[in-house]
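Which chain is which? They are A, B, C and D, in the order written, and residues in each are numbered from 1.
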Amino acid sequence: MEKFRFLTAGESHGKCLTAIIEGLPANLDIDVDFINEELKRRQGGYGRGGRMQIESDTVEIMSGVRFGKTIGSPVTLVIKNRDFENWQNIMSANPKDITSDKAFTTYRPGHADYAGSVKYNQRDLRNILERSSARKTAIEVAVGAVAKLLLKQFGITASSKVLQIGNGKTEEEFHAEIDRAKAAGDTLGGKIEVTFENLPVGLGSYVHWDRTLDGRIAQAVMSVPAVKSVSIGNHHAYKMLGSEFHDEIFCEDGKITRKTNNAGGIEGGMSNGENIVVTAVMKPIPTLRKPLKSVDCITKEPTEAHFERSDTCAVEACAVVVESRIACVLANEILLKYGGDSIEELK
Amino acid sequence: MEKFRFLTAGESHGKCLTAIIEGLPANLDIDVDFINEELKRRQGGYGRGGRMQIESDTVEIMSGVRFGKTIGSPVTLVIKNRDFENWQNIMSANPKDITSDKAFTTYRPGHADYAGSVKYNQRDLRNILERSSARKTAIEVAVGAVAKLLLKQFGITASSKVLQIGNGKTEEEFHAEIDRAKAAGDTLGGKIEVTFENLPVGLGSYVHWDRTLDGRIAQAVMSVPAVKSVSIGNHHAYKMLGSEFHDEIFCEDGKITRKTNNAGGIEGGMSNGENIVVTAVMKPIPTLRKPLKSVDCITKEPTEAHFERSDTCAVEACAVVVESRIACVLANEILLKYGGDSIEELK
Amino acid sequence: MEKFRFLTAGESHGKCLTAIIEGLPANLDIDVDFINEELKRRQGGYGRGGRMQIESDTVEIMSGVRFGKTIGSPVTLVIKNRDFENWQNIMSANPKDITSDKAFTTYRPGHADYAGSVKYNQRDLRNILERSSARKTAIEVAVGAVAKLLLKQFGITASSKVLQIGNGKTEEEFHAEIDRAKAAGDTLGGKIEVTFENLPVGLGSYVHWDRTLDGRIAQAVMSVPAVKSVSIGNHHAYKMLGSEFHDEIFCEDGKITRKTNNAGGIEGGMSNGENIVVTAVMKPIPTLRKPLKSVDCITKEPTEAHFERSDTCAVEACAVVVESRIACVLANEILLKYGGDSIEELK
Amino acid sequence: MEKFRFLTAGESHGKCLTAIIEGLPANLDIDVDFINEELKRRQGGYGRGGRMQIESDTVEIMSGVRFGKTIGSPVTLVIKNRDFENWQNIMSANPKDITSDKAFTTYRPGHADYAGSVKYNQRDLRNILERSSARKTAIEVAVGAVAKLLLKQFGITASSKVLQIGNGKTEEEFHAEIDRAKAAGDTLGGKIEVTFENLPVGLGSYVHWDRTLDGRIAQAVMSVPAVKSVSIGNHHAYKMLGSEFHDEIFCEDGKITRKTNNAGGIEGGMSNGENIVVTAVMKPIPTLRKPLKSVDCITKEPTEAHFERSDTCAVEACAVVVESRIACVLANEILLKYGGDSIEELK
């Protein structure tokens, strides 16, 4: 049931991140500057560490676009890793480059290291952490930016904001919380809210569980590495009465209106024309300067989780990723709903 | 990527609910009594209305099972609607039975009525509400029960509990909250927690977003009609420090252990061997005796949302549905992980 | 990428065959008489054995249709097995009905028996043959009939004819070949041609291998139990020159026309507006009165393949099944191309 | 139901061809030389034109492999187009490079041009022909080579041969036919046979149409641009008697054996342990030096189909592509059957 389908690939310190998007209609304007701005948004935010400066991601289009417009064939996006020359021996695909040293053997709590090494039968945890890294969200943001370019054709726009970091609830407090965590060698997560405006009625469906729009959004958001919770609409649903929660329906000038949006824009698994409002919780970053207790994957001896240069808080970046992931879901629904193989036919 | 795949069908007052499950290994014991017990659990709980008595759902197996064991071919499950004879004219598939009266034309806030009628171009809202009804979760519970029978073969078990209803946090308080809402003609939702125990390490994967186990669980849970929020692990992730949240790793007798489970059993999109703990929020039931303001779908005149006999609170039932939905996700992952076409080969 | 998706279930001598179709637009007229006529076509043809009389299949609609029209929710089709009462102990789902005798243990050459029993770890071959039987094509024809009802809305029609049976190339010769085989206790296959007319340009796509229309048709046709070969367009492609084979393009009154259709209506993996012409080869029926040499699955001793009442030739039925299978592929492509959730919106 | 899934991208004269393969187990040896040899096989064969010299394809691995082994994460393969510098203005993704001249406007019979331009609403047929070109089969061969590396781990091997070209049935005759066609400015197709040896019993299934192995192979083979016909096993099935066609079953030393393989290794939609034998027909190449009559897509005036440097006959290359496509189907089935996330666990 996917019309907007894609695969992504790439390791954190590999040559590049790659995505292939299949299913875009022809004649969609691909604004590379917009994609790069989205990549920049992902790299920003208070509390980021040193790597963000190195990276400065930009996308290169390798296929599917001619003279600024899609031609119907699959679109390939590549983000080169600028730092690759420092990693080429460590990350080489060539069996001749293998060395006996340098295996990374401490499971980092909160990461994929332990389960990943069991699953894929690896003794060098680098073979797990390179792909499980949040680095891969860069290419997901690029894909999401293409989805947003499609949504724009229908007037649909996205925005997001941070609701909470630690116990802070205002920007000033966010900074104070982050500064305090950073000084302690610790990390923080937070809570964000993403809003999509100007949606048509009837994206998604109640007729089968795997077609519910809220279900698909929940999967997309929860798949973001650090996200542990997804909500649609008013957070207090669990303690409200039906008469308080449900959005009464009115009609003005022949148009259906609401005075509230506790449902967050989705009723019966479908967009109802109101703004789609999604809240997500990001857990604190699991790589801490203050080390966590752990175990060596080979010796099983106690040790402390390794520190790689990292961020104190990446909640703002997470919001951009969540936006991007939801944009992909909505782009797919738009394509399913309107059919058509070119932008002219879709609209 | 689905090995355990299924489709469900059926309207609330139609002849029956049907599911076809494709992909089960051969020689799995199908305990019909267990499926019926699960259906009974879904019908129970404090705060349910009159319909639950009428129904008393039981499943009939129409294919795929011989002498109590699967044979590899698709399994068909049917739950007959015992009340169908009272509805056969209203719900007839035969064009000759059409009548001009009885169209249902008031959009009910919180339901699929409005968006569904726009999407599917319907003027009689019964054509929407019959399928969008929570009735369809009965057959999803039956499918989930089959998934649980597969999980049992691997020692994996499920349980659930209610955490909150209204402002109540204990069973006694739940009942008081429900009684108060019922007296006021109002409804309530709540918060539930579902736990799966004894999982193998490495279900799901971080390698691609659509393979993350938490993402798949989130979709399955959020697709349940009344669910508005899904969380994995500790609810307070957004305000905890990294050093507080992440579950340190120890080794006892060569076995990896943890002292905490804030991650809720999932790290890096994979099961890590700890219990999987999922919290879901159910919104209050949208059908109230105390009517909500709405609009007629034909005349667009103001009106009040129709009352059909309903429940005050169905949070306990919702927990059973959520368990069932997660069981399907885990069954699929087990089949992907272990391969094999018969139970003997899987284990 | 499926919008018209379905699952089928049911054993040859089980209670019933069932299908659930998910993804149909609302307001499609479902003409049950047409479905039953298609089922009757499948049961006809010269050379059929006794069972066809017993069966006389008719479909019952269990969900998704109200007053003769789809409502957007999944459609359940059931064909009851009229002979089930004679089989209820043998085919019971209940573990209590198990008996020690009656296991079917001779592998029948040309059937699923051998590979199926290895795959699904079965010692009673009935557990394989019941589902691998061509009986399941009855419900596939019912699903195909629904697909045809959708295609009819776009003016697309199907027809088929037998090209060859044995060495016979005319109806008279077909009958003579069949009579001769029947007298010898032997069986025959044949070659059929199926044509779909009035297709829009641009179903399917060259942009990715799994979207080619010819690829999808080939899968659908080759999945029919007895089919061993599928061709699109002129059979002699392998020995023709490019200048002979390719269909030159003309324009009359602003409309693209061709004088030949060697491509069989598909160029570049897409419908090109000409008739789609598919040829399929059916192997001879593998159940013969004149027994084939085989082996007992338990003892591994030589034996002869068991004879169950069967047909001498079912090529005409096969043509109906092939039509039905292609209709499902085209219905899916129509839904993908035109989008829309109701017939009014699609057209 | 795909475990071995992939997307490919790239235009004939674009920067590169790209594939992402997702679902490979970890610790699979990736022999780049083998992939390059397969690419070379695709470029060979009697009757090829000038372009094959320019290309000399080699693959670069951009992700998913470290020190010669897969690590579980998606594998990216890239084949650079060596000729790109001559095409960079014509194929630029940048809107600033657009020019008013050079649009390609003659529909070429036998190509995607006409249907593609209608479908994707294009007036410059280059936007169609660049992706619909057989050039994209190069990256499909690279993907197939990776699939073959997986199959090798199970001892499964592939081979192919040409059965017929024009009226020629021996290599000597093939060359004479090709020489004659070339002299006449014409083209030829042919018939090939592909064999896979050493398969396990029970890949694919009869239980649902979309799981039949022959159906999946038929789709994969028919999706190859020039293929118009796919057969499994003995070509003469349509005129043979059941007693002649079906492969009798014997047992030697406890092992099931056959004396014939008319079924081509597939019974009941499953591999039966015999060699899988697939025949495919390739149509003649549609780009001829001797031009075909056609129409201009803008003016609709009669014209002649444009000649681009091309081949006279590419049947040997087609055989390599067909092998590759079938290898992908079998790799997927092996992964589904054996489960496991690392090579060690699979075997």
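Here, contacts are C-beta pairs under 8 Å (C-beta built on N, C-alpha and C of every residue); 3 or more make two chains touch, one makes a residue touch a chain.
Just so it is clear, the model here is predicted, and its values are computed rather than measured.
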| item | value |
| --- | --- |
| Chain pair, B-D or B-C, that carries the greater number of C-beta contacts | B-C |
| Chain pair repeating A-D, as identified from B-C, A-C or A-B when over half of the contact pairs by residue number coincide | B-C |
| CA centroid of chain B to CA centroid of chain D, Å | 43 |
| Interchain centroid distance [CA atoms averaged], chain C/chain D, Å | 26 |
| Centroid distance [mean C-alpha coordinates] between chain C and chain B, Å | 35 |
| Two or more partner chains touched - positions in chain A | 5, 7-8, 22, 72-74, 116, 119, 128, 131, 202, 205, 207-208, 341 |
| Chain A - residues contacting chain B, complex | 7-8, 107, 109-116, 118-119, 128, 131-132, 140, 164-167, 181, 184, 186-191, 201-202, 205-210, 212, 214-225, 227-235, 237-251, 254, 256, 263-264, 267-273, 279, 281-286, 288, 290, 292-295, 300-302, 325 |
| Residue ranges of chain B in contact with chain D within the complex | 1-3, 5, 22-23, 72-74, 202, 205, 207-208, 335-341, 346 |
| Chain A-touching residues of chain D, taken from the complex the two chains share | 5-11, 14-20, 22, 25-27, 30, 32, 61-69, 71-76, 91-95, 97-98, 116, 119-122, 126-128, 130-131, 341-342, 344-345 |
